[in-house]
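Look for chain A in each of the two complexes below; its partner is chain B in the first and chain C in the second.
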Partner chain A sequence: MSPTAIALAIIFFIVALGSAIGFYAGTRHRMSLEQWTVGSRGFGSLLMWLLMAGEIYTTFSFLGASGWAYSRGGPALYILAYLPLSYVVSFFISPLVWELGREHGLQTQPDFFLVRYRSKYLMAFVALVGVAFMIPYLQIQLTGLGIIVEVASFGGIGRTRAMILGVVLLAGFVFVSGIRAVAWVSVLKDFLMVFAAVSIGIYVPHFFFGGIRPMFAELARAKPAHLVMPGATNNLGHTWYVSTVLLTSLGAFMWPHAFGATFTARSANVLRRNSVVMPLYNITLAFIFFIGFTAFLVIPGLTNGDLSLLMLVRQTLPPWMLGVVGGAGALTAMVPASILILTASTLFAKNLYRPVFAPTMTDDQVARLARIMVVALSLVCLYFAIYSSTTLVSLLLLGYAGVTQFSPASSWAFFGSASRWSEFSAA
Partner chain B sequence: MVGVFSGLIVGVACTAFLILSNRDPYGGWNAGFLALCLNSVVAALVSLLSPIKAGVIAEDLSASAPGNS
Partner chain C sequence: MRRPSFGAISLALIPFLAMCFSVSAWDRVHPMILGLPFNLFWLLSWIVLTSVCMWGVYRLEAPQIAKAEGRRENAGRAQ
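On to the complex of A and B.
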């Protein structure tokens, strides 16, 4: 078998295995709108952890983070800083959101705005902005998927064709499965991603430089400016770093899918516990950075830094390992993409279309419209993914800048009544 | 409500303008962060200036609450 065939076969095997887990988990429950979006509010600590890890650690962390370490240097370190900080925000806010959600049967972020501010136009606007800024985030996942198949097939399967294939698979998956299935696929995805990141992150610097420390020593000797602000850029200095970390740590929980995931939890304590444990996952990102910095020294001159991780793997490791890494990467794109599509289409049908244009729709009709939107939104994202050439990190920053605008309204929602605060801080 | 709604509109408009016109970062700052600051200021000012309607809290939440099927 040729290296291409081995790598591609392993990727497709992993994707098929992930989809099978999803289909199995999904078909065991009857899919009402509530089951589809919030899984009957019965997620305990384990499923909740899987869901949150599933949606926060995306192909952005995998290819995007190593890509920026490669192409930008110092400024990429913002990625290490903001995720742990964002859990400080969610530790305090998510239990409050959950409580309100249980009281009023909320399923989505705009539902929350309706109940708290009692304006269906505010709700519809929040839904519109949410959907609009989730598109770049979805685009990241599709582009990532395209890059993986392109590199793993040694250019044999073009990026566009790979992305079309990815979209078909994704839409089909979301169509039948719902949020619970996605959380279970996350088991395989997280296991593979941590395995791939840690093993390559340790192996590759050892292979070329004899260790992680010698790799950094060589980097500091060859290109000291790459490790500090503004790295290889000319406008991403310390002010940018601090303001970006602040923005993104306030914004991480404002993503409609992250906010909505709150409503799947069984209790407020499940959410608190998760906020405490989740930052540990961030350790994996350090290994991704080791890979990006090694690639900077070993394979300089790539026009697209997002390719660096896979190119390095392709050059130094056997084809089966490229397949495992590619498969991990593909699931890392598909799991969050499913959650994003599911959330965006529910937002459109339930919080934008029904209240503004068709107030008489039943929940079943909304669920049907949401499924149609799965297909429509996938196609929109596919269009953007094919015709735009922005880096993965820039896309994510665009999305973050948009959704973080919900932050003042969401936090102030709880300052109105002092009794609520004392009640929860005592709990 | 009017306050946070105005803040949100200003914030989103500012984000869209700065980023789509390639002004990110703006003066060394993350454009989204600047928009967030403006958003908060507008929301606070409008909230303070608009009159408080008593009894609004007690309005029929149950009737407008979504997902109560």
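On to the complex of A and C.
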């Protein structure tokens, strides 16, 4: 078999296996709206961990983090800081959100704004903003998926075709299995992702420099400025770092899908325990940085830094490993994309369309509309991903800037006024 | 609505001080530790220490949480 055929076969196998798991995940459950969106609030620690890890480890971690280490250097370290800190924030907020969710049967972030602020229009507005800023985040995933499959298959599958295939599969398993699909496909995705990141993070520096230590020694000798802020940029210094880490760590939990995922937990303590353990998961990111820094020394001058990881992998690894990286990368895009699509569709049907246009709709009708929206939104994002080009980090920061605007209103909901809160809980 | 204790909040602020606000103190290449630039080594250590801090917060909060949940269950039975 030619290298292309081997890599392609492995990518196909991994993506097909992941999708099969997704379709199967929901078959034993009757899909009511509550089952579809929040898994009937029955997720224990393990499924919850998988769901949170599935959301956080996106194709951005794969390509964007190495891309920033490559093209910007030191400023990329903000990624290592903001993710652990976002769990410090969620340790305190997510159990409160969960309790309110159980009391009032909440399924989405706008539901929360409705019971807390008692305004149908605020809810609809939050839903609208949420959907609007999830689209760039979704676009990141699809663009990443396209790039990964194209490079890993040696151009055997074009970017557009890869994106179309990926979207059809993920829209399919979300349509059928809802949130359970997302959690279960994460099992395969996280296993492969951690395996791929750690092994190429060790192998690639070893291949060129004989290890991670000599690679950094060489970088510290040749280009020490690249390792600290502002790195290769003019303006990403310490002030930028502090403001960005604060903004993104407070904002991480404000994503409608992260907020909504808390409602799947079986108890508030499941969420607390997860927030204690989740920071450790980010250690894997260091291995991705090693690859970006190696690429900076070995293949300087790429116009698109997002490609640096894959270029090095393609140069150094055997085709089967390229296939594993490609398949892991494809799933790493599909899992977060599927929960984004699930959440955005639910937001549209339950929190925007029903209250504003059709107050008499039943939950079953909402569930049907949400499933139709899965298909519609997939097409919209596919269109954007095919016809627009921006780097991954710019898209990510745009999305974060948008959703962080929910942060004051959510924080106020809990910490603003104790007296109003008790009056509200009594009601 | 129960507020987290002062001790818990202070413990949770430590990772923010160490990984965010103090950036100008640790953002340097030397001394390199375990072959890693100092800033990278610092952040990786604090990822682990963040979990340690949050485990401490969990232990501090756990008794109050258990008490609050017990109260709610009792209230539920009284209704």
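Here, the second predicted complex is superposed on the first by the 415 of 427 C-alpha atoms of A that agree within 3 Å, B and C clash if a C-alpha of one lies under 4 Å from a C-alpha of the other, contacts with A are read in each partner's own complex, and residues count from 1 in each chain.
The rule we apply is simple: a residue touches a chain if its C-beta (ideal position, glycine included) is under 8 Å from a C-beta of that chain, and two chains touch if they have at least 3 such contacts.
Quick caveat, the model's predicted, so the values are computed rather than measured.
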Will chain C clash with chain B on chain A after the two structures are superposed, or do they fit? fit
Let me test your reading of the model: by the given contact rule, A:Leu114 touches which partner, first (chain B), second (chain C), both or neither? first
Is A:Leu77 touching the first partner chain B, the second partner chain C, both, or neither of them? second
By the touch definition at the top of the document, which applies to A:Gly105: first (chain B), second (chain C), both, or neither? first
According to the stated criteria, A:Phe384 is in contact with first (chain B), second (chain C), both, or neither; which is it? neither
In degrees, rounded to a multiple of 10, the angle chain B-chain A-chain C between CA centres equals 70
Classify the contacts of A:Asn235 with the two partner chains as first (chain B alone), second (chain C alone), both, or neither. first
Counting only touches as set out at the top, which of chain B and chain C does A:Phe207 meet: first, second, both, neither? neither
Tell me the contact category for A:Val276 with respect to chain B and chain C: first, second, both or neither. second
Examine A:Phe154 and indicate which partner it touches, taking first as chain B and second as chain C; both and neither are also allowed. neither
May I ask you to decide whether A:Leu227 touches chain B, chain C, both, or neither, giving the answer as first, second, both or neither? second
Compute the least Cα distance separating chain B from chain C in the superposition and give it as a whole number of Å. 14
Chain B and chain C contact sites that coincide on chain A, given as residue numbers: 246
Residues of chain A touching chain C in their complex? 74, 77, 80-81, 84-85, 87-88, 91-92, 96, 211-214, 216-217, 220, 224, 227-229, 238, 241-242, 245-246, 249, 268-269, 272-273, 275-277, 279-280, 282-283, 286, 289, 414-415, 418, 421-422, 425
Which residues of chain A touch chain B once you look at their complex with the stated criterion? 33-34, 104-107, 111, 114-115, 117-122, 125-126, 129, 235-237, 239-240, 243-244, 246-247, 250-251, 350-351, 362-363, 397-398, 400-402, 404-409, 412
Please output the residues of chain C touching chain A within their complex, sorted ascending. 1, 3-4, 12, 15-16, 19-21, 23-24, 27-30, 32, 34-37, 39-40, 43-44, 46-48, 50-51, 53-55, 57-58, 61, 65
Please name which positions on chain B make contact with chain A in the complex. 1, 4-5, 7-9, 11-12, 15-16, 19, 24-25, 28-36, 39-40, 43, 56, 59, 61, 64-69
